[in-house]
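Both complexes below contain chain A, partnered by chain B and then by chain C.
Coming up: the complex of A and B.
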């Protein structure tokens, strides 16, 4: 997708369109990491294109994009084999969402897309990181809550939505790399949603792996 | 007898020290380009001929309307250079000095994703320059997009079109791609019907799902950039690698009547009249080719 980068990926999930590019390992910028430590760093940058959302976004990162950058870093970090990277190096992960359909679902897609781009760049990973999102929506105040996986913007911003989550999992290791939940949700519902999200990650993992395997020499992953 | 030193070995096998092409390109980029041009070929495989009129542009692809969150969009590929323009419409008070006008706000982004040379943070000088040149093009040639059609109610409300152009992969000559993208996206714009209610002093849009209003776009400008390498090689549509070696670049913007809407030359190289005429001719031919695509 991005020939200038060491690795890149483009992903479409319904209306969501995400592009990720990986540069590195390359010289660590002076601003990144502590100066005393020589360990390599992963740098993540998440941005919505100005026209990606229902209302226009500026070119400077707003707080939701900063939060998403951090989620991306926390999700990808556990998968990276840092010991295989040179000292004082940095791996830059840049993700641009060209069209969103719910912030949580977009961040989840960004995580998946970024891990594919990392693999395409030849960065050693313990496993692919697969993102998944869910929203909690009771169909009426008295009925039990429905867990909706990969919610659209209509679902995740619905007035009766009681909460949402983003999960990043490494399915072949059966490990959860990152998990965040917002809203007020009962423990039971959380338990149920974790099982559902893990299953979704596992099935997506197979599909993503097939794409990477099919791309052969790793020129482009589409 | 076996006293061969490494030096002798090297002398007997000089091919060991021959550089492979990518290494040579990195160490001696100018010589690398020179050797290609001497063989009448560009490093990306395009034929090179001293006569500008036979010059080859990179394969240009235009794809319209892929972003549903925008009112109009277009993706343009110029070889490996890829840009995406999305236009979003908002309602605002019209400008005080021209109350029957709306606004077009072009903005070019060169995110760090698109090239290893771009850094995260505030827009670079290059990105700001590109935005400024685009803005100047529309301001100085108001017939391209008559801003009066963006008025909702004179002195009270008007559309603002934010044309954001995001570079997805940077391989030189992003301005030409940007002009194609913004024009294709403007032609793709569909606005909802908006009415101004005087008693409420507010704009109402009865049906957001219906977007029947299309823009009347005037003469379509097409930009053609030519790089000048070592004062003698004229390289149309230069790649990033070529641009970095060019001592001068020339950008010509033409409309369908074959008129010049802008000419921008940078760098210390004096063009003679003949070269100038040939450049204009090339730009006009390129304009016809591109206008058939959008």
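Coming up: the complex of A and C.
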């Protein structure tokens, strides 16, 4: 996908199109002080392309992209085998969203795409990290809230949407790597959404696995 | 699931897959009481609870031998991890009185001592400059240290084919392609060799140095290596014929 990168992947989920490139492990530029630890480091970079949304985004990262970079790092870290990386090295993960359909769904797809790119680069992983998103929407003001998986931008920004979540799971290990919830949601709704999101991650894991096993290189998931 | 290693067929795996490696139980009627050891190779990791999990995407392979089974994941990546004894092609990036720093495409640059050449003494240093290409062997490779190279065989004191690569052109390829090029049976270089003479130095770090009498010939060899990368062996001869037919002056 990206010839210059050590590993790369491209993913389409509905309207969302995400591209991830992984460089490394490569030498981390020596910082000024010797206080920086010598252990290997994972650096994640998340960016919406300026043309990704209906209204143009700037080419500098805004606060939501910086927050998404942190979510990406938290999601990928539990899966990476740091013992296999050399000392004082860095693995750079660059994710670019070419077309978005809601921030939460884009970040969830970015997590999946980044872990496939890490596998393509040969970085040792305990498991693939699969991302999934959901929004809490009542179909009318009096009915109980529905949990909608993979919400579109219309659904996640709807005035009656009470909350949204991003879940990153490692299906083979049956562990959750990262979970963030935003909004005003009851305890039962959270429990129901977690079960649905874990099932969604498991089925997406099967689809991703079929693609990687079928292709030799340049993984494309759609 | 019953796992019978005699009927094992290589299968693609991704990180997170568990491998049903049979832990042999001692058979009282067998000749030796100790079960044959099972060796876990690259791409596999043994968890504290004893189960074995795949950590690198690739094809799971198993080799049954009398002294125990060997399991590993065969994969093809671009990033090189130095291993002692590997022949590599590198480029000098820094020169000092005692050593050179060489870029070999690994996580760290490698060190090449100025004395690790045939016939080198403190007064007689190899005439390498920044930007020169060398063919060297990895003498020290450890996770926590910079790798070290040598251009001389320590036991004989001779270069054994290592040293500066003058002229020519270096290209990058995947690690699997570099390993294939070093196999005598791989048809790419022998097929080209029947057309015109040329010289190559293949580094297992995914770098190939090519030298020939004319530039179109160097370009033809480079194109063949790039096009045949990640293609099945059966297509390689066709690729070579296509490139040689289309390059002028070959």
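Rule of thumb we're sticking to: the second predicted complex is superposed on the first by the 209 of 222 C-alpha atoms of A that agree within 3 Å, B and C clash if a C-alpha of one lies under 4 Å from a C-alpha of the other, contacts with A are read in each partner's own complex, and residues count from 1 in each chain.
Note that contacts are C-beta pairs under 8 Å (C-beta built on N, C-alpha and C of every residue); 3 or more make two chains touch, one makes a residue touch a chain.
All values reported here derive from a predicted model rather than from experimental measurement.
Undergrad: Should chain B and chain C be called a clash or a fit once both complexes are overlaid on chain A?
TA: With chain A as the common anchor, chain B and chain C collide in the superposed model.
Undergrad: A:169 contacts which: chain B (first), chain C (second), both, neither?
TA: It touches nothing on chain B or chain C.
Undergrad: So, A:1: does it touch chain B (first), chain C (second), both, or neither?
TA: After superposition on chain A, A:1 lies in contact with chain B alone.
Undergrad: For A:26, is the partner it touches chain B (first), chain C (second), both, or none of the two (neither)?
TA: Touch status of A:26: both partners.
Undergrad: Of the partners chain B and chain C, which touch A:132 in the superposed model: first, second, both, neither?
TA: After superposing on A, A:132 lies clear of both chain B and chain C.
Undergrad: Quick check on the superposed pair: does A:92 touch chain B, chain C, both, or neither? Answer first, second, both or neither.
TA: A:92 contacts chain B only, not chain C.
Undergrad: Should A:84 be classified as contacting the first partner (chain B), the second (chain C), both, or neither?
TA: It touches chain C, and chain B stays clear.
Undergrad: Counting only touches as set out at the top, which of chain B and chain C does A:201 meet: first, second, both, neither?
TA: neither
Undergrad: Which residues of chain A are in contact with chain B in one complex and with chain C in the other?
TA: Touching chain B and chain C on chain A: residues 26.
Undergrad: What does chain B use to touch chain A in their complex?
TA: These residues of chain B touch chain A: 66-70, 73, 80, 84, 86-88, 90, 107, 109, 111-116, 119-120, 122-123, 162, 164, 166, 168-171.
Undergrad: Inside the complex, what are the residues of chain C that reach chain A?
TA: 11-18, 43, 45, 53, 55-57, 75-79, 107-109, 143-144, 174, 230
Undergrad: For the complex, which residues does chain A have touching chain C?
TA: 6-7, 24-27, 79, 81, 84-89, 119-122, 124-128, 170-173, 208-209, 212-214, 216-217
Undergrad: Help me check something: in the complex, which residues belonging to chain A touch chain B?
TA: Its residues touching chain B are 1-5, 15, 17, 19-21, 23, 26, 29, 45, 47, 49-54, 56, 59-60, 92, 94-96, 98-100.
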